[in-house]
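After this come two complexes, each holding chain A, first together with chain B and then together with chain C.
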Partner chain A sequence: MEHQSRWFRLFIHLMALLVALIILMPLAWLFVMSISSNADLSAKPLRWWPNEIDISRYATLFDRSDNSAGQAFMASLFNSIKVAGMATIAAIMVAIPAGWALSRNPRLGWVLGGIIATYMLPPVALSIPLYFILAKFGLLNNVFGLGLVYLSILAPFVTWLLKSGFDPIPKDLERAAAIDGARLDQMLRIVILPLAMPVIATATIFAFLLAWDEFFYALLFTSNQDAKTLTVAIADLAGGRVSDYGLIATAGVIAALPPVLIGILMQRSLISGLTNGGVKG
Partner chain B sequence: MFSERMSPRALLLMLPLVLVMIAVIGWPLVDTIRLSMTDARLAGTSGEFIGADNYTKTVSSRNFQSAFWATMRFSVWSVSIELVLGVLVALLLNQRFYGRTLLRALMILPWALPTVVNATLWRLIYNPEYGALNALLTQIGMLDAYRSWLGEPSSAMTALIVADVWKNFPLVALIALAALQAVPKDIRAAAISDGANAWKRFRYVIMPYLIGPLMVALVLRTIEAFKVFDLIWIMTRGGPANSTRSLSILVYQEAFAFQRVGSGASLALIITLIITVLAVAYLMIMRRFAGEAR
Partner chain C sequence: MSTLELREIRKSYGTLETLKGINLNLESGEFLVLLGASGCGKSTLLSMISGLSDPTSGDITLNERRLNGVHPKDRDIAMVFQSYALYPNLSVARNIGFGLEMRGIDRSTREKAVLEAAKVLQVDHLLDRKPGDLSGGQRQRVAIGRALVRKPKLFLFDEPLSNLDAKLRLEMRSELKRLHQMLGVTVVYVTHDQIEAMTLASRIAVMRGGCIEQLGTPEEIYNRPASRFVAEFMGSPPINILATQQTERGLEIASGAAVLKDLRPTDPVVVGIRPEALKTQAFDGAITLSGTVDLVELTGPEQIVSVALNDTRVTATLPADLPLALGQDIDLFVEPNRILTFDANSGDRVECLPH
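Our next item is the complex of A and B:
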């Protein structure tokens, strides 16, 4: 093995500590802001830990009484869940058969290339006609309409992920099932799906996080509590008249919690998805 | 029996996806092309055909040129720093030290943080009066007077780049780490016993394993950075004095704030063209890389 001097080991540990601090400090500060009183947040010199822990803003945001800040915030939270949920389910449903067909027909490689290229399209290239289409069908400021628009991001992305996830599943099982006279839907349901479950689960999570994160379309196509998503609500808080920085931070903590928890819990499969998905083609 | 020929069954399986993609991608894209050749406005007129006028006007306009260079500055700086930092941190994570598993786990956090929350967080950190950056730099004596980091054209772009790098370098590090772990241990050991120094080991032993995944990360990150909207919209809205206005922000303003849908569409297609070139580069790298892996 490589001989490592004491100084080298010390250097490595110091660097590791530095990286950990760089990653943790901004996140910790977001949390500290959310539990600090306004007096602490505007104190000079700034207090890095509040005199008294103040969790009232969490109560404010979860308070759903009429016309309160909490009501608007909670509405946007539910809208985000609805939009991301609908778009994810629809994307998975169209992507499973398509991803499987692409995985089993190497000749469709150019189709896959096209799908990956559409995933990379900038949203601005579609946004103007999508606005007119939604307006025409009365789907502006509507969670269903926004979910439909999100399919333009999620469907190609999930198909791409599933295709590379299906590739390692051996074809022999399908052959055997075909010889036994299984119909197409039976083959998918009984033979493929159980084997592909982990892949589908990872793809579902990626898709949901992608939709949860989306901001541009939501900013364009929603205007009030009926459909506004969490990302737009936070942008409103950050850019608006609110001068309660702690409240903005609290909204950020709440919006970040689901994806961060998923990230921590599903770390292993997420990392392998992140590092392999893009490489496999 | 499935792979030999393209069966009608494959087409049937593709059908739902194809229908969805025509409805939400194909049709809008074609319509953007049509709109880009009209003088349509968001409300009211559906627009007359005016040929390539929008394109010639857009490309020669100062707004486009400044937005193009702002986007380039943002993308080139963010992505290069992310790659260098990502590789360095991956090399670190590949060493043995106490808490290595924990540090690897921490790397997922910035990735998981929603972009909008990241932008909001950094906007608060850069706040000219109550921001943590001013407080920190003053308390350790590196800054005399509080600054408006996002309010001054000289620092706004740098501040945005820092926020983007913080969120994205951990992902590059994880990708690079996965590649490093694929380097066979005996090859490294052999290089050491042959007396290769650290740089030579990196260049000739490790680099061949890193280069493929890094190229993929480079192109994907560049495409993402070139589309940047959320981060800038929340932190600066393209200001101050339009110094951070990216191409996507410009399209938004043109098409939806000023309602000039025709010229907004032409601008959107110019961005699309640039990204298509990058996407083709990506697909070619993938093909080469997949060929080598086999």
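Our next item is the complex of A and C:
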């Protein structure tokens, strides 16, 4: 790297700090809210740090007794994990062969164009036909039904992402594998997929987040604890006559944890540069 | 015994015909180089031998077995790519043994074969590394090892040295030659580098525009090129091509700089003289070209001298110790039988026998 002056380095660090602050401030505030008492939250002027730490809301939400707010919340948490998890795994399974085929056959590019075009449609336009279809198959208020809807959102997006991940993998590798006698599945499993791992990991995280944060379809297609997801459950907390902002914030903190966990798990695969060295000098 | 046989191979992409009827016979143990500029169809031809693409028409047979439509893995061939195409996520040992692994060879046999191939190529100390940790030359050795280990009937090389730096390329070239002499395998080798072709080949097929322009030993290709194209493609510095005129004195070269008394071709011709055929010492029967020194480039072992003759220039490679000054008058002598004549229109070489 070229020489940088001390001031320039300082400037870069300050800017990085600023960006980090902008990103982390809302999260930090969410956490502070979740441990503040109601009195502190409604005080004027606003207290940036509560007088007393109140973690009772965490207890409320983790309460497993029958018909409690905690039970409903935990059920929705597991529904969210189920729906987002199923939809993500299914989307990756569909998108790997689809993305690879699209990457290796540029003539199929129009398919990708069609996929992007369906993305232009607002969810509202699709909600009514989707509702009828789910009703017909008895999949309303069902985690599998919602998972299927999410799959239809995720699969095109993940396919598109994986296609661009497969693009830079040299075709010579596949030719060499073909001459070496690898079957299609062996070629994909041993040669191609390990090289696409960083992109697959990225796609997994994005797909999971997309499904995790989805609200509109979940609100329409679920009605009770059997299938209601976190986003809807959090909205329910705000729906009553009295809104406990602290409770909503607590639910938000808990809802943020699973994606963060997956992000940390996937971090290893995100290390790029795996393709270096196989070809050319 | 003929190993590889290509009959009337044609390949078209839509209306564009990239190969226009290739016929080739390859003996067992031969080292055939397909030589040509980019876009001449040499790589297309190689990929059809490998089975990565199929010819539009024509037959490919290997040891009497027709290969059209046969999957690459069932052809008993191995290929070395320009990009090496090593699997970056697998160790060197697994890279070399991949073909055996895919064919279900048991582990101990495989390891023995890998080690043997690695020893031949002097990469046995690198077996646990990943391709990314290797230098370009080592990667190329591994790629050759991967081809070697399966003991195929036919080796295909697709410009394997063009990604290496000049010094390494020279080393690997000698190594390939030594390897071929040692193992006696049959090779088809694609390159655009005429020196690689000259040094490695037992026969060269010079390709141009989807056809084989000339097929012959390196010596034939260099000294008796079939056409002006082949003559100009081979040799560095390139052959001097000079215009001629029929006069009553004979065939005048370069507006009368020299006269070939005995040659009376029926059609207009141009002549070709290799730079190293031009000498500064007179000898019996020599044709003399008189001019002035225009440019001197010392390469070390020799100097490349450009000599102005009337309205044209010729290049001569002369001994480095010859004192030369710019603008100095110089006489160059050439043996008549080292002057090649080509038809001025078609470019084909014509024999102009003395009358």
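Methods note: the second predicted complex is superposed on the first by the 223 of 281 C-alpha atoms of A that agree within 3 Å, B and C clash if a C-alpha of one lies under 4 Å from a C-alpha of the other, contacts with A are read in each partner's own complex, and residues count from 1 in each chain.
We take it that a residue touches a chain if its C-beta (ideal position, glycine included) is under 8 Å from a C-beta of that chain, and two chains touch if they have at least 3 such contacts.
This one's a predicted model, so the numbers in the text were calculated from it and none came from an experiment.
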Chain B versus chain C as contact partner of A:216, first or second or both or neither: first
Broader residue contact with chain A after superposition on the shared chain, chain B or chain C: B
First, second, both or neither for A:53, with chain B first and chain C second: neither
Which superposed partner A:23 touches (first chain B, second chain C, both, neither): first
Partner chain(s) touched by A:155 [first = chain B, second = chain C, both, neither]: first
Chain B versus chain C as contact partner of A:128, first or second or both or neither: first
Which of chain B and chain C A:175 touches, first, second, both or neither: both
Set intersection of chain A contacts, chain C complex versus chain B complex: 175, 178, 274-276, 278-281
Residues of chain B defined as touching chain A within the complex: 1-3, 5-7, 9-14, 16-18, 20-21, 24-25, 27-29, 31-32, 35, 42, 89, 92, 95-100, 102-103, 105-117, 119-125, 127, 129-130, 132, 135, 138-139, 166, 170-171, 174-175, 177-179, 189, 192, 212-213, 216-217, 220, 223, 226-227, 229-230, 233-234, 237, 247-248, 251-252, 255-256, 261, 264-265, 267-269, 271-272, 275-276, 278-280, 282-283, 286-287, 289-290
List of chain C residues in touch with chain A within their complex: 50-52, 71-73, 77-79, 81-90, 98-99, 102-103, 130-136, 139, 146, 163-164
Chain A residues touching chain C - in the complex, by the definition given at the top: 170, 172-173, 175-183, 186, 190-191, 194-195, 274-281
Of chain A, residues touching chain B in the complex: 1-2, 9, 12-13, 15-16, 19-20, 22-24, 26-27, 29-30, 33, 41-42, 44-46, 90, 93-95, 97-98, 100-102, 104-108, 111, 113, 115-118, 120-133, 148-149, 151-152, 155-156, 159, 171, 174-175, 178, 184, 209, 212-213, 215-216, 219-220, 231, 234-235, 237-239, 245, 248-249, 252, 255-256, 259-260, 262-264, 267, 270-272, 274-276, 278-281
